[in-house]
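Each of the next two complexes has subunit A plus one more chain, namely subunit B in the first and subunit C in the second.
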Partner chain A sequence: MAEILIDVIVAFLGGSLLLGLHRKIMARVQRRPGPPIIQNLLHSLKFFFKETAFPKTASMPFYVGIIFILAVVWIIGVIAGPVTENSLLILFGVYAVYKIVEHNAGSSSGSPYGKMSCVRAVLSAATELPLFAAIVLVYAKTGTMNIAQIISYQGVHGPLVASVPLAALMFFVLILAKSPYSPFAITKGKDLVTGYETEHFGVLRGFLMFSESVAWFVLCWLFLTVFFGPISVLWLVVGLIVIAVITGFINATTPMLSPNHSVMTLITICCICFVGTILMIII
Partner chain B sequence: MSNLKTIFGILLILSTIAILYALIFTIPVWLVYLIAIICIPLWILSLGFVTMAKPRKGDEEERVKEPFTGY
Partner chain C sequence: MDFATLGGNLFGTIPFGDIVLYLTPFNLFLFAILLVFTIIIAISNTETQVEATFGSLKNTNVTVGKKEFKQRRILSIICGIASAGAMITGDLFNFTLFMALVGILNIGIVSSVKQVSVLDSAFNYGLIAMMCSLPLFGGAAIILAATGTLSLSILSSMPASPMVIFGAVLILLGVLGESGVAPFFASKAEMFRTAGSPFLVIIHLSSLFIIIRAVEILLLVLL
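Here is the complex of A and B:
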């Protein structure tokens, strides 16, 4: 239990700081001073002391329950990932439920912005395709879906990023799609205010930010672990910072795609990388 | 709103007891996972509802009747 608690706290603090760094980098690329790196963490904590209002049209208790489920799935993500280094399929399941939560959180408030975000969440499920394809390719290469065994495999054969780079690229596209202000973040487009989060104020927003910080940490950890093998804590931190820098730079310089373009781009990247990796494995 | 605080106050106490129980005593692994998955989010959510600010007396009715941003 102590290990789970420590990992959840590390995931929350680490994820918050990385999202803060991501925002800072975006600002610097756009020649703005930007908020301090710690701002995302302070925001998450601040919301716990703010007044919370429930919209008249919110369907209770679903409105609160769906946010609770979001936190539950990412706690499962921490347990299946950093704590037990279990199966990749559990993390695929976690990501699939996360998309369902996005969909239902949008519909639970009754707001038109939320409803539009709810519809887009269905389209954005296309991001699951690169994740699933990357998992399949990792299995094809290593013969296992267990993260601990994948790490051992890389200890013997070298990092997977060298042998299946296109699968790593596919996974990175998933991380990019999950990052804030991403060209693929159609559920939180500025035209929808903050999408499915628009009507979640105060405590609920703080709770959402907690889950998203944990989600960001788990996804980045998974990418580094599955494709770069057994790495020390220092290299893990370096890797997490590098991911924040790269995604921040891409997001700062790339406009948000329309929903159909976003889906088509993701599917195209997925198809090219999948076929390319299969060819690399065969040849 | 006071009912909400009471309910979440009770849930905060229950989740704290469950987490401490899993921390102190040796229990089956599946039970540890179950407590972690349910009680950690519940503890955070309950803490939030207990610590959140109350609306001022005059604003309380307005907060409840407030329609969402969309309209």
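Here is the complex of A and C:
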């Protein structure tokens, strides 16, 4: 129990700081000073002490319940990932619930911005294709879905990023799609204010930001663990920072794609990488 | 391929003849999440959707009427229970039945909505779902004919013959169409434009979770 609590706190703090670093890098690339790295963490904590307001048009208690489900689900993600190193399929399920929350947190408020975000979330379900394809390819290569066994496999055979690089690329595209201000972040486009988060205030926004920080940490941890094998804490930290730098640079220099282009780009990358990896495994 | 390799440590099994329900963290997680969502759907009101009115500065409030609310809520609850059943079943035919039921219920949940674009979308999705029921059940029938069983626990221990692989491909095609995910999602997205968020969630949730379960089943059968 103590390990779970510690890991959740580490995931929240680590994720918040990494998102803060990501934002700082984007600002520096765009020749702005940007907020301090700790700003995202301060924002998250601040919302827990703000007054919580509920829209008159909201669907209650669904509007509140779905936010708490998101937080609980990502805590389960920490347990299935860093704590127990369980099945990859559970984390796939966790990610699917994340998509559901993106979809319904928006529509449950009655806001037109949330509703548009909701419809786009249905389209952006295409981001699950790279994740699904990457998991299947990792399974095809290692013969297991268990994260601990995948780590052991890499201890013997070397990092998977060397043997199935296109699968790693697919997973990285998923991380890129989930990063703030990403070219694929159509559910949070600026034309939708903050998308599905627009009508969530106070404690609810605090829980949303908590979940996003934990989600970012777990996804990056998963990428490094599954494709770079058994790595020490120091190399894990270095890897997390490198991911924040690369995604920050890409997001700072790339405009947001239209929903249709976003979906087609993701599906195209997924198809090319999937076929490429299958050929590499066969050959 | 055994269950533990895919879904984590096996907590236990519930045998019904040759059909064995197996309880892994993966199956229990999906099952529990679906039940939680079903309970929340059962106790939630619907939102009032605010839309801009063209040609004026007024807003239009779109609400769900009482009769429509009752119809959609009961269909959503049944859809949640059917999806939860699909998460935990140990029988391939039961899975395809749950999948077909979820496809029908998804259309039913939006069929009482009085918006032309939503009904058009539901109609298009219905056509695809109907067409894909043939490969869905056909795939299961081919696997039964090739192996003599539909029990996933037995199928997981048998080598995959060419006919089993063919049947599995048909099931995948059927599940993709019935659940309306990529590349068929374009026919389904418009269904989500209507009010009634708690009911729409189960349409999306059931599709995604059934796809995840289908991946597990196909890996069990093929490897």
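We take it that the second predicted complex is superposed on the first by the 283 of 283 C-alpha atoms of A that agree within 3 Å, B and C clash if a C-alpha of one lies under 4 Å from a C-alpha of the other, contacts with A are read in each partner's own complex, and residues count from 1 in each chain.
Rule of thumb we're sticking to: a residue touches a chain if its C-beta (ideal position, glycine included) is under 8 Å from a C-beta of that chain, and two chains touch if they have at least 3 such contacts.
Here the structure is a predicted model, which means the values were calculated and not measured.
Room for both subunit B and subunit C is found when the two structures are superposed via subunit A, with no clash between them.
Once chain A of one complex is fitted onto chain A of the other, the partner contacts of A:17 are absent, as it touches neither subunit B nor subunit C. In the superposition on chain A, contact of A:134 is made with neither subunit B nor subunit C. Of the two partners, subunit B and subunit C, it is C that touches more residues of subunit A. With both structures placed on the common chain, the touch criterion links A:202 to subunit B but leaves subunit C unconnected.
Looking at the shared chain after the overlay, A:257 reaches neither subunit B nor subunit C.
For the combined model, the angle formed at the CA centre of subunit A by lines to the CA centres of subunit B and subunit C equals 80 degrees after rounding to the nearest 10.
Of the two partner chains placed by superposition, only subunit B is touched by A:49; subunit C is not. In the superposed model, A:103 lies in contact with subunit C only, and not with subunit B.
When the two complexes are overlaid on their common chain A, residue A:57 makes contact with subunit B and with subunit C alike. Once the two complexes are laid over each other on the shared chain, residue contacts for A:112 go to subunit B and to subunit C alike.
Touch criterion met: A:71 reaches subunit B, while subunit C stays clear of it.
Note on the superposed arrangement: subunit B and subunit C approach each other to a least C-alpha distance of 7 Å. On subunit A, the surface touched by subunit B in one complex and the surface touched by subunit C in the other have residues 56-58, 76, 109-112 in common. Considering their complex, residues 56-63, 65-66, 69, 73, 76, 80, 86-87, 89-90, 92-94, 96-97, 99-100, 103-104, 107-112, 115, 118-119, 122-123, 125-126, 128-129, 132, 135-136, 139, 143-146, 149, 267 of subunit A touch subunit C. Taken together, the subunit A residues at the contact with subunit B in this complex read 1-2, 4-5, 8, 47-58, 64, 67-68, 71-72, 75-76, 79, 109-114, 193, 198-199, 202-204, 206-207, 210.
Across the interface of their complex, subunit A is touched by residues 5-9, 24-26, 29-30, 33, 36-37, 40-41, 43-52, 61, 181-183, 185, 188-190, 192-193, 195, 197-198, 200-201, 204-205, 208-209, 211-212, 215-216, 219, 223 of subunit C. Those residues of subunit B lying in contact with subunit A across their complex are 19, 22-23, 32-33, 35-38, 40-42, 44-45, 47-49, 51-55, 63-70.
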